[in-house]
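In what follows, subunit A forms one complex with subunit B and a second complex with subunit C.
Up next is the complex of A and B:
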């Protein structure tokens, strides 16, 4: 049994279900990130765990004990709020010391512990300042200090970095990670930033509309998204998704999409869940880094026209409009065209990335040194080992877990 | 010169009249035009009379004859030769000492109660505020009845729990406490201000305090009170200024009696001015009160740096 268990927990705010979590187990010392878009119930979940909110039904179990009726203090949790919630009229020292004073800890021990924490967080020189007279990053440290000083059983952090500027966010991110490594306190961290989640988490819990969509290690949710939502939410740029028709020919399964035609290799077929049959329509997913683009490729899966070159510096991307080939152009793209056009545009609404009927934009990493020009005709090939297939109706993945190694 | 340049170079405007751009001149003209009504009112109705009264305070003046200069004679005799001045000052200080802290605490306590999310809380807020809009004379007459030793509601209520109430307004010992008690009737006015202050306390601070393990009382002590300190301060300053000028109650209810026990400063001043027609002497009394209040307020401002927290204040 985990250190913390949410069992059939549900929270309603006047008839609106904000959170519904059937089973979530968190192990001692784990760094768990609750990840999801705004309004999906992350904060509510955290507040339920903290004891600032009580569940409409279900049990919150800490160390094998149901703690529903216990106050945050009795649960021995510490929370870092999104806007830090430092007491503005108190000096940093008193901000950190308050929860020890409330406990009537002897003065000299308070002093020792406050200084110890301040040293750990590099805020010793700020101890006599007021929060208002400090930068966001410094306030953030104080908020962390206030949480750490009492040695809580659980750290709860609600988007603690979202008020910081981009650069500071990266610094604090790694500091939080280091802090966790050092203290080993079980941490539940809320964010809407998938990158933050990937970097920090031992395991990510992906929430949408108050429900858990997937729980797994960063690698797991990246490599094996259980549904279209997770597939799109994790990874940047977003995973490419294309509506495809499934056809069999000579015992092979073929995917036919807009400007795209590819034979599914046998090892993918063995990973198809259930009886091994694919439905007539699927959503094909592939990450930009797993799409090879070039002027002329061997074994191209399709062709298209470059519409946009995205220069990020470190890595560059091209947007390729598939199914849009220049006049007089022949080749594989042309061949598949006729077969697919009639199916385009009526794919079930599983969040497929079709810009408009008849064409699909495919984002791909651009590895050549030169810049791609808009209007340029290119061919592309998908890395078979990293394609995903989703059911267009339910959005669920059709593949069982793929090979772990990359 | 364009407006943009004006904005980015305030030094230009400071460099004397010559440096003023047309815009700045126009803005200055508009500014004085806008505050003109107030300026006229202030100099004609406040500043002028104040200066005149200061002059009178150095004169003997009985309205019928023109004022004659006596120098500091009025002030000297107030301090050395006027037991009623000291009585009035003592009564007023007594009243202030009890009524202001009680009033502030009462307003705050009431505000905390009326800040709860209870059904019908708006109705209660209205009820508690109503006494503050009642004319002082009307409520004074009402309270004469409430304090009536035989038939009054106050003593009736006390007799129910077996206490024989005092004579209140007729007893020199109880007359001031009676008026202080009556003053608490109007705490609703301060409550409104505290309610506004309470709305401004971030909810997150309470949650942080709960997570820190603070009890309700500790939350009040460590969050509510510090966050409301500007309001508390304001209430104290205004309360002291107001209660040093207490007049209507004693004028209507006790006429300063019994045995001058409710002879408050302003009531005494009023008598000197409009019953004995010693305008010079009364003006001197007024100026002494003015100096007392300015001193008190200044002292409070100074002390406030120790305990009042202002949002956005960067002081240590």
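Up next is the complex of A and C:
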């Protein structure tokens, strides 16, 4: 049993269900990130765990005990808020000391602990300042200090880095990670930034519309997204998705999309869930790093025209519009006819990146030293080991487990 | 040095603009001067009269400067009524009302501003509506009630009501101010282990000092100068407050205006002092919401 369990928890505001979590177990010492777009219920979930909201139904179990009716203090949780929520009329020292004072900790012990935490966070010289006289980064540290000083059993962090500038965010990110390694306190961290989630989390909980879509290690959710939403949300740039028809010829399954034609290798077929049948249409997903692009490739899966070259410095990307070149892409070796005919992509919420009918934009990593020119004709090949197949209707993954499954 | 080239050529338009600014300022000051002197005149008249002898008060020609200056009006005035006793009563009533009404309205306003409860909005509407109700309407039932409780001719009748809510307007004012304090601060305090009372005392009240000061001054002035309630509830002369004492004074010496004015000035002094002391706070104003740096 986990350290913290949410069991069939539901929270309604008026008549709107904000959060509905059937089962979430968090182990002691874990760093859990609740990840999702804004309005997905991640902050509400955090506030439920904190005890700032009470669930409409369900149980929140902390260390084997139902804590629904307990106050935040009785749960012994600490929280870092998005806007830090430092008390503006108090000095930093008093901000950090307040919760110890409320607990009637002896004065000299308060003093010792406040200084200890201040030293840990490098804010000892700020103790007599007021919050307004400090930079965002310093306020952030004070907020962390206020949380750490009482040795809580849970750290809750609500987008703590979102008000910092990009560079400071990276610094604080690694500091939070180091702090967690050092203190080992179970931490639940809310963010909408998938990169932050990937860097920090032991496990990521991906939420959308108040429901858990997937729980897994960063590697797991990256490699084996359970549905289209997760696939698109994790990873930057986004995973490419293309509507495809499935046709079989000579016992092989072929995927046919706009300007793209590839034979599914046998090992992918063995991973297809159920009886190994693919529906007539699927959504093919592949990450930009798993698409090889070049002027002429052996065994190309398709070809297209470069529309945009994206220079990021470290890595560069090209946007390729597929289906713009004509040549011979319309059948699996001219065999079995009568497959489903194309009726202009309808990915059923899969949000396939079709700019205009008959084309699909494919983003790929550009490994050549030279810059790609817009208008250039290229060929591409997808890394078979890293393709994903989703059901266009439900958006769910059709593969049982991913390529690098554990 | 650098600017020297520009000075002689300072454009005409800029000069007229500055002239206009001076003109506007002069006008504003003029209006303020007229307004304030209109308001101050009665007060000056009171000061002047309080220092006049009887013959000067009734003289047909009015003079601003008393001649001679009769300081003894003040000592005589304070001896004519049991001034110190009345002052004692007034201080007791006013300070108890200040404590009662200020703490009650601070607590009730916190409820309206920060606690979620069904019917809260409707209840607040009722509170606002009660502000529209003139005191005279409820006067008789309240009087009967207090009399049955045995509070007639007792200072309790003036003090205890202050602890029961603290006044709709005060609640309204504080509630509006509390609303500007971010809820996140209250959440943070809750996480830090504060109860609602703890949040009010440690976080909300210190951040609402200007509003609390203003409400405190209102309560002080209202009770210090309250004439009506002491008049209907108190019958023994030794229980009188100063406001009532002044009237007593007036009926005994209806023609001795100089003594009445002297007593009135002494009566008004604490109000002036309180106002000047508190001024700093509510002029400091509403600048306290700083969450981010």
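In this text, the second predicted complex is superposed on the first by the 380 of 406 C-alpha atoms of A that agree within 3 Å, B and C clash if a C-alpha of one lies under 4 Å from a C-alpha of the other, contacts with A are read in each partner's own complex, and residues count from 1 in each chain.
By definition in this document, contacts are C-beta pairs under 8 Å (C-beta built on N, C-alpha and C of every residue); 3 or more make two chains touch, one makes a residue touch a chain.
Computed from a predicted structure; not experimentally measured.
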item: Combined model on subunit A where subunit B meets subunit C, clash or fit; value: clash
item: Which of subunit B and subunit C A:98 touches, first, second, both or neither; value: both
item: Contacts of A:183 with subunit B and subunit C, given as first, second, both or neither; value: neither
item: Which of subunit B and subunit C A:50 touches, first, second, both or neither; value: both
item: Partner chain in contact with A:120 - subunit B first, subunit C second, else both or neither; value: neither
item: First, second, both or neither for A:139, with subunit B first and subunit C second; value: second
item: Touching partner for A:170 - first (subunit B), second (subunit C), both, neither; value: neither
item: Which superposed partner A:199 touches (first subunit B, second subunit C, both, neither); value: neither
item: Which superposed partner A:131 touches (first subunit B, second subunit C, both, neither); value: second
item: Touching both subunit B and subunit C, residues of subunit A; value: 50, 52, 71-73, 77-79, 81, 83, 85-89, 98-99, 102-103, 132-133, 146
item: Residues of subunit B that touch subunit A when the two form their complex; value: 202, 204-205, 207-215, 218, 222-223, 226-227, 229, 309, 311-316
item: Footprint of subunit C on subunit A - complex, ascending; value: 47, 50, 52, 71-73, 77-79, 81-89, 98-99, 102-103, 131-136, 138-139, 146, 163
item: Subunit A - residues contacting subunit B, complex; value: 50, 52, 71-73, 77-79, 81, 83, 85-90, 98-99, 102-103, 128-130, 132-133, 146
item: Residues of subunit C defined as touching subunit A within the complex; value: 182, 184-185, 187-194, 198, 202-203, 206-207, 288-293
